[in-house]
Amino acid sequence: MVEFTLWDILRNLALAARWTVVLSLIAFLGGGVVGAALLVLRLSPSRIGRALVEGYVELFQGTPLLVQLFLAYFGIALLGLNTSAWTAATLALTLYTSAFLVEIWRGCVEAVPRGQWEAGTSLALSFSENLRYVVLPQALTIAIAPTVGFLVQVIKGTALASVIGFVELTKAGSMVTNATFRPFVVYSCVGLFYFVLCYPISLVAKNLERKLHAAHR
Amino acid sequence: MTVELDFGAVLASWPLLLVGVAWTLGLTAVSAVLGVLTGIAFAWARSEGPVLLQTVVGAYVELIRNTPFIVQLFFIFFGLPAAGFRLSPEVASVIAMVVNLSAYATEIVRAGIEATPRGQREAAISLALSPTQTFVYVVTPPALARIWPALVSQIIIVMLGSAVCGQISVPELTFATSLIQSRNFRSFEAFIIVAAIYLVLAFTVRRLLRWAGPRFVFGR
Amino acid sequence: MQPIVEIKGLRKSFGTHEVLKGIDLTVQPGEVVAIIGRSGSGKSTLLRCINGLEAFQEGSLTVDGKPLIHGDPNAMRALRQRVGMIFQSFNLFPHLSAGRNIMLAPGLVKRKVSSEAADQARGLLARVGLTDKFDAMPDRLSGGQQQRVAIARALAMEPAVLLCDEITSALDPELVGEVLRVVESLAEEGMTLLMVTHEMSFARKVSDRLIFMHQGRVHEMGSPDELFAAPKTPELRQFLSSLHE
């Protein structure tokens, strides 16, 4: 067995952390696109559309992300497609992210006073024009802080992809532990890596929120 | 191609699922009680305690909230024995869940405490209540009432998060499911069913806690 | 006779802004003192100094012969048991019924057993005219009723002096009377009262002594009839005439 120094441990974890970042970004961006589409449906006057999105959100917020990952993994296989940890993790995390983002954004849109919708409507704007030119620009400023904050949840969520065999930071931690038999050190380092990734984002989110509150006073 | 689903094969193992449900609910109940109590104590430390304590609790909260639950669990279960603390999977799970919940509860409760109108404290002080009595009897109950919905949501999140505890062989719901599907190879069906069970659990627990809060926690 | 409240040379600043610039005031047992004055003249600050909600920088203050010492929590708690305070915004505890609001401090501070505290609370509620409201939650009570519960709550600690800071200012006009009647009955029973008020006719009717505060000082003091009929200083004259506009 080769001797692992602390440096080796850190290097291996750092290499794997790249995949945590990549997976997080894909899930966040993909989730953002899906979430935006769902938001339009959620805000539309269509009652069925609204109910569908509500059910979708309920589904993803009411079940463990781990179960969602398993479902994606076995679901893709069941369809006869070639399944890999990659596709399953991206699919599950994207959908999971979209469900949370649509709910966050809906709250932000609802924080825009009712009178703004009415003013737009009274100027003969259509639903989509109203959304596009009146409501969304205002909701956007409110939405930035919680959206950035949710990125932290996504990054932490990617840790579960390790369970279906996706080699990212946490999985690498398990593998390095098996090679070194130094779980205390390795998992401390893994935790530290996540902290270094997440904490700055948390700080940015907090500052954005503080600024917004200050501006609204 | 056609996809054939066979839920019966999974449902036949209902006793295993039932045991899993019991474990999931048990873990959640214990860690909810301990986690919320710890959270209240930490919230006090963070907003009214000595400066050093404020800093320590602040660091704890940030550390926990910025790392994944699964890593916290692995650190406690695999890492701590190396430092001399050997824990059973069940105890390790409860500790991890309490640690995790307490960090979020601290911030939630603190927000509730900070929203307390100044006049409430002044009224308590002018009635000669001590700072501790003021915190326990005057500040905390309305603060809990204010933030109860957020706290309930966080407890649900921790319950769903406990699915990970199966990874260290705690016989909770997701572990039971993995076991069932490894026997009959009806993996997709098994996880569909367990997802449905979690949905029901989340719904029921939320309802129950919303109902119980005003009656047993912050009194009315 | 030992005064209930004795204040000598009290000075209080918020930062560099001096709000109380040397107050001397003695209140005898059973006396009813009304404090009037313009907004910002320091009336609230003075009352809040008396039960230690605000710390002051210079001068001395004794209640019932005991000096107020900031930084000594036990002495402060002993003092606060002798001083009751009623706030403009009632400040009832929202999670406790009217009766429990009254019972809380006697139970915690005086270690009164629950049944005794409950009896006392019922008695006090009857005294403020709210016999049947023991179990009512604060948000089910009108402002006037809430303020009367707050009075009962303060009385439950059996204070030697009651401080009232504009206790009817947050009330709808039609609810002011019921609260003032309670205060008047307390005055008749010999309670020592120190009240900041904007209700001039009430101050004139009930108080033994009137204090006009101006820019952080006791600017004029005397019997209410004297002060209202013949104010000596131009500031008080101006203040009184501004009320009639």
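Which chain is which? They are A, B and C, in the order written, and residues in each are numbered from 1.
Operating definition for what follows: a residue touches a chain if its C-beta (ideal position, glycine included) is under 8 Å from a C-beta of that chain, and two chains touch if they have at least 3 such contacts.
Going by UniProt, the chains are A, B = Amino acid ABC transporter permease; C = Amino acid ABC transporter ATP-binding protein.
For clarity, every value in this text was computed on a predicted model and none was experimentally measured.
S.K.: Point out which chain occupies the most central position, where each centre is the mean of Cα atoms.
M.R.: Of all chains shown, the one whose C-alpha centre lies nearest the global C-alpha mean is B.
S.K.: Among the chains, which one keeps its Cα centre farthest from the Cα centre of chain C?
M.R.: The chain farthest from chain C, judged by C-alpha centres, is A.
S.K.: By raw count of C-beta pairs in contact, what's the busiest chain pair here?
M.R.: Pair with the most C-beta pairs in contact: A-B.
S.K.: Suppose each chain is reduced to the average of its Cα coordinates; what separation in Å results between chain A and chain C?
M.R.: Roughly 56 Å separates the two chain centres.
S.K.: If you average the Cα atoms of chain B and of chain C to get two centres, how far apart are those centres in Å?
M.R.: Chain centres of chain B and chain C, defined by C-alpha means, are spaced 46 Å apart.
S.K.: How many Å are there between the centre of chain A and the centre of chain B, using C-alpha atoms for each centre?
M.R.: Taking the average C-alpha coordinate of chain A and of chain B, the gap between them is 21 Å.
S.K.: Give the residues of chain C touching no fewer than two other chains, as numbers and ranges.
M.R.: Chain C, residues with two or more chain partners: not present.
S.K.: Give the list of chain B residues in touch with chain C in this complex.
M.R.: Spelled out, the residues of chain B in touch with chain C are 117, 119-120, 122-131, 133, 137-138, 141-142, 145, 218-220.
S.K.: Could you please specify the touching residues of chain A with respect to chain B in the complex?
M.R.: 58-59, 61-68, 70-71, 74-75, 77-80, 152, 156-157, 159-160, 162-163, 170, 173-174, 177, 182-184, 186-188, 190-191, 194-195, 198-199, 202
S.K.: In their complex, what parts of chain B are in touch with chain A?
M.R.: Residues in contact with chain A: 1, 3, 62-63, 65-72, 74-75, 78-83, 156, 160-164, 167, 174, 177, 187-188, 191-192, 194-195, 198-199, 202-203.
S.K.: If we count contacts the way the header does, which residues on chain C are in touch with chain B in the complex?
M.R.: 51-53, 73, 77-78, 80-81, 83-85, 87, 89, 91-95, 104-105, 108-109, 137, 150, 153-154, 157
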